[in-house]
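Letters A, B, C and D name the chains as they come in the text, with residue numbers starting at 1 for each one.
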Amino acid sequence: MEKNEWVRELLDDDKFHDECGVIGITSPGQKNVAKDIYFGLHSLQHRGQESAGIASNMYGNINCYKEMGLVQEVFNDDVMSKLPGDIGIGHVRYSTAGGSKVTNAQPIVVYSKFGSLALAHNGNLVNAVAMRNQMEDEGYIFQTDIDTEVIAALIARNLRNGTIEEAVQKTCRIAKGGFALVMTMGNKLIGVRDPHGIRPLCIGKTENGYILASESCVFALQGAKFVRDVKPGEMVVFEDGEMKSYMYGPEEYRMCSFEYVYFARTDSHIDGVGVYQSRREAGRILAREDKEDTEADLVIAVPDSGTVAAIGYAEESGIPFGEGFIKNRYVGRTFIQPTQEMRELSVMMKLNVLRENIEGKKIVMIDDSIVRGTTSVKIAKMLRDNGVKEIHMRISSPPVAYPCYMGIDTPDRDKLMAANKTIEEMREHIGVDSLKFLPVNGLKSCIGLGDNICTACFTGDYPVELIDQNYKTNKLFNDDRMVGEYDDIHAEDSKPTL
Amino acid sequence: MEKNEWVRELLDDDKFHDECGVIGITSPGQKNVAKDIYFGLHSLQHRGQESAGIASNMYGNINCYKEMGLVQEVFNDDVMSKLPGDIGIGHVRYSTAGGSKVTNAQPIVVYSKFGSLALAHNGNLVNAVAMRNQMEDEGYIFQTDIDTEVIAALIARNLRNGTIEEAVQKTCRIAKGGFALVMTMGNKLIGVRDPHGIRPLCIGKTENGYILASESCVFALQGAKFVRDVKPGEMVVFEDGEMKSYMYGPEEYRMCSFEYVYFARTDSHIDGVGVYQSRREAGRILAREDKEDTEADLVIAVPDSGTVAAIGYAEESGIPFGEGFIKNRYVGRTFIQPTQEMRELSVMMKLNVLRENIEGKKIVMIDDSIVRGTTSVKIAKMLRDNGVKEIHMRISSPPVAYPCYMGIDTPDRDKLMAANKTIEEMREHIGVDSLKFLPVNGLKSCIGLGDNICTACFTGDYPVELIDQNYKTNKLFNDDRMVGEYDDIHAEDSKPTL
Amino acid sequence: MEKNEWVRELLDDDKFHDECGVIGITSPGQKNVAKDIYFGLHSLQHRGQESAGIASNMYGNINCYKEMGLVQEVFNDDVMSKLPGDIGIGHVRYSTAGGSKVTNAQPIVVYSKFGSLALAHNGNLVNAVAMRNQMEDEGYIFQTDIDTEVIAALIARNLRNGTIEEAVQKTCRIAKGGFALVMTMGNKLIGVRDPHGIRPLCIGKTENGYILASESCVFALQGAKFVRDVKPGEMVVFEDGEMKSYMYGPEEYRMCSFEYVYFARTDSHIDGVGVYQSRREAGRILAREDKEDTEADLVIAVPDSGTVAAIGYAEESGIPFGEGFIKNRYVGRTFIQPTQEMRELSVMMKLNVLRENIEGKKIVMIDDSIVRGTTSVKIAKMLRDNGVKEIHMRISSPPVAYPCYMGIDTPDRDKLMAANKTIEEMREHIGVDSLKFLPVNGLKSCIGLGDNICTACFTGDYPVELIDQNYKTNKLFNDDRMVGEYDDIHAEDSKPTL
Amino acid sequence: MEKNEWVRELLDDDKFHDECGVIGITSPGQKNVAKDIYFGLHSLQHRGQESAGIASNMYGNINCYKEMGLVQEVFNDDVMSKLPGDIGIGHVRYSTAGGSKVTNAQPIVVYSKFGSLALAHNGNLVNAVAMRNQMEDEGYIFQTDIDTEVIAALIARNLRNGTIEEAVQKTCRIAKGGFALVMTMGNKLIGVRDPHGIRPLCIGKTENGYILASESCVFALQGAKFVRDVKPGEMVVFEDGEMKSYMYGPEEYRMCSFEYVYFARTDSHIDGVGVYQSRREAGRILAREDKEDTEADLVIAVPDSGTVAAIGYAEESGIPFGEGFIKNRYVGRTFIQPTQEMRELSVMMKLNVLRENIEGKKIVMIDDSIVRGTTSVKIAKMLRDNGVKEIHMRISSPPVAYPCYMGIDTPDRDKLMAANKTIEEMREHIGVDSLKFLPVNGLKSCIGLGDNICTACFTGDYPVELIDQNYKTNKLFNDDRMVGEYDDIHAEDSKPTL
């Protein structure tokens, strides 16, 4: 077994993972905005633990520091003192363990004729390969694997014929996929959200200036007030304490529903919807669906992700909520090489059953999602080994059957349990007495944005054409590509008009 | 402000802290018992995060590795491969931040004529200074600051006139205070609990052998069965797969009540009492006391320590339980130097208010204890800033008014809020509408061991004479002592008979 | 005083420093050529101690690892196992202490439509800013400060209209300055030397393949035979075990004379000249010049750089050679912050006087060069403090009065002692009884390449136009540049025709 | 092959190695004497590169810091600021690679009734095992493997019945072997040299106070004047700026001759003898012995250890001195795992032949000693491969045929080439045309101390009885000892009278 795999297995709780969190702050007259970025990134740490970076902008002069590790591990006094400026942007990146490298960390800074540009990106483009190919055709070179470099190169290219505002908008019209960008150049802080609004980005107001952030949960620590979400297809530009809005290309609005299911922090509000409320409502809907079928003594959650829905389920059903598991919070980031026996223990290293609460009982157990299903099998076994009489597993989202290509780290489709098994087969494989999922319309109902959510990972209904995916292979960006291997993919019709 | 202080302030949630967790395993015929110790220490990580150590014993030959850091950070393949043996002991130590050093880490290993002895210790002696002084009088030298070295030296000394079983018992009759020891020498694993049973230690049975551990929560991961707790004043010796018990000196039984209040992991059982049940019962008792006085819309907990009691309070009172705070789990171990403004933010870096759940409501907020009260003030302010109408704070333990000298890291008395203020003054200072504590008899009732608990930190009723404390100063063990400074404390009557 | 400065002062022995060493190896049929690169870089370590990097090429697939540190510190088993391939290139970079960063380390790897290209560079372009400006005008972006990125971008751009052989030649015709490049792409290893042959590069033959290296001293460890030097304006391409030569643009031949004076390892041969012989001959010439003027008891060297010339001086003059100083070899790379008193000691930390050899004597002391003169002052004082009667300082190169812009790290002109003082003033400032330098024609004579050497740092006679230097400022590549600052430098006439 | 072995092979140049260097400074009125210790340890770095440590003493209060690494790597601003005091001692320890651990680093600090004592030790006791056994019999325990702990324990024990002066003298009368100790306790700095004067220790005077050091080469950097060597069997005590001398037990004077041969720095004087002069004289004696037999074109040295003797040989013989090898100074401390092929290269990584100087010539090659002979074989082959016509190897010390037990790290006897081969067999095995050693009387003559030198490693004539060696095994102090294994060695007659 590869190290990557078992580290992931030990770390992972069988969830989808966000690839990034971004933040940008402008604070005219204050020279150490990096400190505020630091706190903001700390509040976004749940969106990515692999690397952290801050770029600060002092009169157009940009300094950047990024490193593998948690925000509190990466930055210290010494580093912070080298990041002066009244505009700054920051980035946290999800740990994909082995394949990660510091050269892929963000923000990235590029030097062009028109000055220095720092850029941080949450999301994923579905035509990055195609755009990159075309730029390479024109002689451009790239030094990293990440689509952020393609975006930066396009902006720099477009700067030849226009202002930064024009260059960014032109670039964002060409880029396809889900993205939320924060940038700084000259004396401006810029934020953009993709035309479908797939990835979130919101605006806050501080005493001195403004904040752009992936989630509103950062505002409390900053003493900032929530202003509004950036709109799909909108670019906002902050300069001299003023905000200007540019609508460069809104399309069908399709906010990522998985942010509500799992990614976002419970105390965030995204596009007007409280994450906590939507999760509690998901639990209530599950309870309503069960009303006549399920008899149980206790509702428990798989901590921490199932807790809010479990509270909602308990409220609606009248079955008492209790704790079934104790979570071990001290899970480090280095491990000894596990044997098979040790891998079996990995879930038990994180979760401990509270036997006296569950022994001899009929249990409703709420989790937020099932991805590969590996953890669910182990959890169900732990419960049975501790004398649970019946396990009724309820999932506060629909079955995950499709990968995401718009900014979420998901396994290949053949690894997704729901893509390969019926619900009854899943129930049997996991070993529970009943298994139900939140239906897609239940998901829509609990979020409350109607059809304006992306449900692609549940339904396969992608809001954008999967341009790069339609190539024979998507291995273009890794280190393994061979000379000439992709000649056949430069078909004229797949080229975007840059 | 000293670095120690602000790191503590940033890390600390104003709690007492255990000083250690210990484990010992004998597994005849299995040569890599260190792997099991590793998992056991992981399960005890909540008892200490400063350093971790394992000593393994192969036919009397002892190897030891200890380092600053979490268990998963300290041990890797390479280190584990150098710890062969079928008997092993392990130790985790609480982070007191700046003052810590690796030379004080445990287990300690000493070489004597009779072989190598490895020793790990949870607890604190109240006559270590006196014993050390006397041994130094006799020409003994010491190389660390810790009382564990005094215990080891006494055992080695007593080995001249008897077996290891006799030497340990003789030593434990002289040592005063709270202690749980695990040791290995030759082909034996030995465990001892102090005569009052102040510090916990329990016995588990695996397929091949036995486990000694500070808490029963380690057994699940080991596939072990709980056998029983070691008794006050008992020494147990494991040799060739057999357990022998020696009662060397039981005295009045006084198990530490704070283990139930805060230290122990919720899924542990200590001296027959489930920690989860005792905490829930504490919440119920608080609710019963409130029955007629307090009207509220919601019961919330200060996570994570108040959660179980809050669930109990909600059950008993009928007031719904909800989440008022979201905890940021990504709190690192390195920090940038905080300004005053940043220190204000430290609680907000860990706790985030879930405004929609609490705004405009009358809230019962449960915490497990108040030590200095610093965090309580900030939490109360956060709630009021988020529109809470009334805050009724309930503490699931009595007011903490006395330091512990039997193994718990506590501030000096002048730092303890309850030692310096009346409950009404505390209420006003914290800024809540009402404040109530679990009475001492409520504590006894929810634990259910009658008077067999130590309540010294609440009542000042210490189960042992504070011998070293009665010296003018207790600075003897630190690096700052001067030559001759303690001449006046060698009064004949304070010398123990070693 | 800035940390950079005192670290440099502590480390530095007041010398010019090479900026890099490069190596490339092709070894068809052997998959771990990185191991050979490793040994080669070790042999080139004297050319740069800041960072080390290796890029390996397996069927066009390039992997690269580079890090701050010595070769033996950067590479270990694990890293080496990730560098498979039968073609490889390597790079060591000089430590400029504080300002260095890993993003500027080499080799650099770029991804273009035509495949991956790895590039390592020794030297410096005098029109990198101009070329970069022009490319930025066209929309290109850059991510580092180094001119190597400009070269790579130009090659990638030129690949659109031709083969790699054509693209490299076209690029090297545009690039001005001193450079030796090694590259690999597809199944080729390529080496280029600048049109003037300023920076050295030579070819060796192993059993299986070929080696390109900055100096011939690498061949011994590789079991390779010296073939010949790459010629000025020549590109050599190795493919399938064959070498092809392309003369893309030789100009007036001007090999860097300072390689013979100080940079190159004593056992290297460059352009047919043995470094050892040229240094010994320099000493002999100095002795001949002195013949009638100087009476002395002993010839000593400032170790290690003056040793060979001192041996030559002793041979020619008949005055015995002896050791005047003992060098402390254990000079680490981290330092405590020096006080003024400690800075005074810095030379004494490296050099210790062997008093009994020199006391009461008239001494001829040979050093290879004087740059700032700071060290010379301290050394002279050490000798006088140890009872030397007369100090006759002889320098085996002419006075250094001009900075180098073709690949050598030199101080600004106002820091060069000989640019600001007459020889008599220098003598007085240093505090010696007499001071003489090797005249320029002596330098030519001892090297034996006639006028085909670059003597710019002595004479100001630069072999190339200093294009970038003619801009108002040369700060373009550092992090401090401001938006718009360079608008005025984009004058049409300074643009190269790319 | 074990890692230890090949690291040693890569690092080692087949020499004996000193085990330590010590220094002590008292500087009344100056509170940061640690800074001076730092510079002193830097000057002693050649005596040990494994670990470095400083203990500072402020009014009897001792702080100590020690770590693996070079002096400049171990100490930084932060560490130095925690070492206040006007008395300090320091220690460097030789790198024995794998087996080393920080718990064995020095100085050691022990806490006793009478205050804190810091102790640093250069040398080795020949009765440490016996003394330790006896103390363990009495119930003492030990925590490290090093004999320094035994010395400290004995001193502490003896303090019960006397002053520190009495306790140290009493201890040093019991301890057998070669030792130089520096200690500090209360307001005193103490130095002791063993009764035979086997290990060196000398006294210097600074403006404010005194220095004790293993070698006089430390004085230059300190601005100190050499006072005299400590005498065999002498203890010197510095208090309040005064020095007192106590002769506790001088015996037959036997200074280690290998200090002159190889260990000491060339600019040191030991017991009145200049190290440089003694080495040059050794070369002259070799030349005189050769006068009629050997015809040669050039005298070269194996750098650096053979250089001074080679200069002497050239002077005496009239054959010119030249450089035959260039040494690579950049040898790091981490390595990739070598293959057989790479091990062959290890000498070539350090030494490079200067072919043009030696090709076709008859060479006299001087080295200081031959231990295992492994390196000599490789060096001879390198010379022959580079066209040397004849190699006449001369060794400036007698054949090494016996291990040292008095403070030098030597291989077992069966690894010593001269213990197992005749000189003619050695010559043939190494592959040289002739091989001669300095005779023992030549060694005595070049040192000039008559019979007052220890020549045990050449002659087997040990100045002390090898008490511990007469036990069946000397494995007592390592980690591998088993319980009971040594019962048979506690024979009454081998017990020292403590």
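Throughout what follows, a contact is a pair of C-beta atoms (placed from the backbone, for glycine too) under 8 Å apart; a residue touches a chain by one contact, two chains touch by 3 or more.
The structure presented is a predicted model; accordingly, all values stated were derived computationally and were not measured.
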B-D compared against A-B, more contacting pairs: A-B
Per Cα centroids, the chain farthest from chain D: A
Geometric centre distance via CA averages, chain D-chain B, whole Å: 48
Approximate Å spacing (C-alpha centroids) for the pair chain A, chain B: 38
Chain C residues counted as touching two or more neighbouring chains: none
Every chain pair in contact, whichever chains are involved: A-B, A-C, B-D, C-D
Chain C-touching residues of chain A, taken from the complex the two chains share: 59-63, 108-117, 133, 136-143, 152-153, 156-160, 185-186, 479-484
In the complex, chain D residues that touch chain C: 35, 38-39, 42-43, 45-46, 49, 70-73, 75-77, 80, 217, 220-221, 265-267, 274, 276-277, 304, 307-308, 311, 315, 320-323, 326, 328-337, 342, 345, 348-349, 352-357
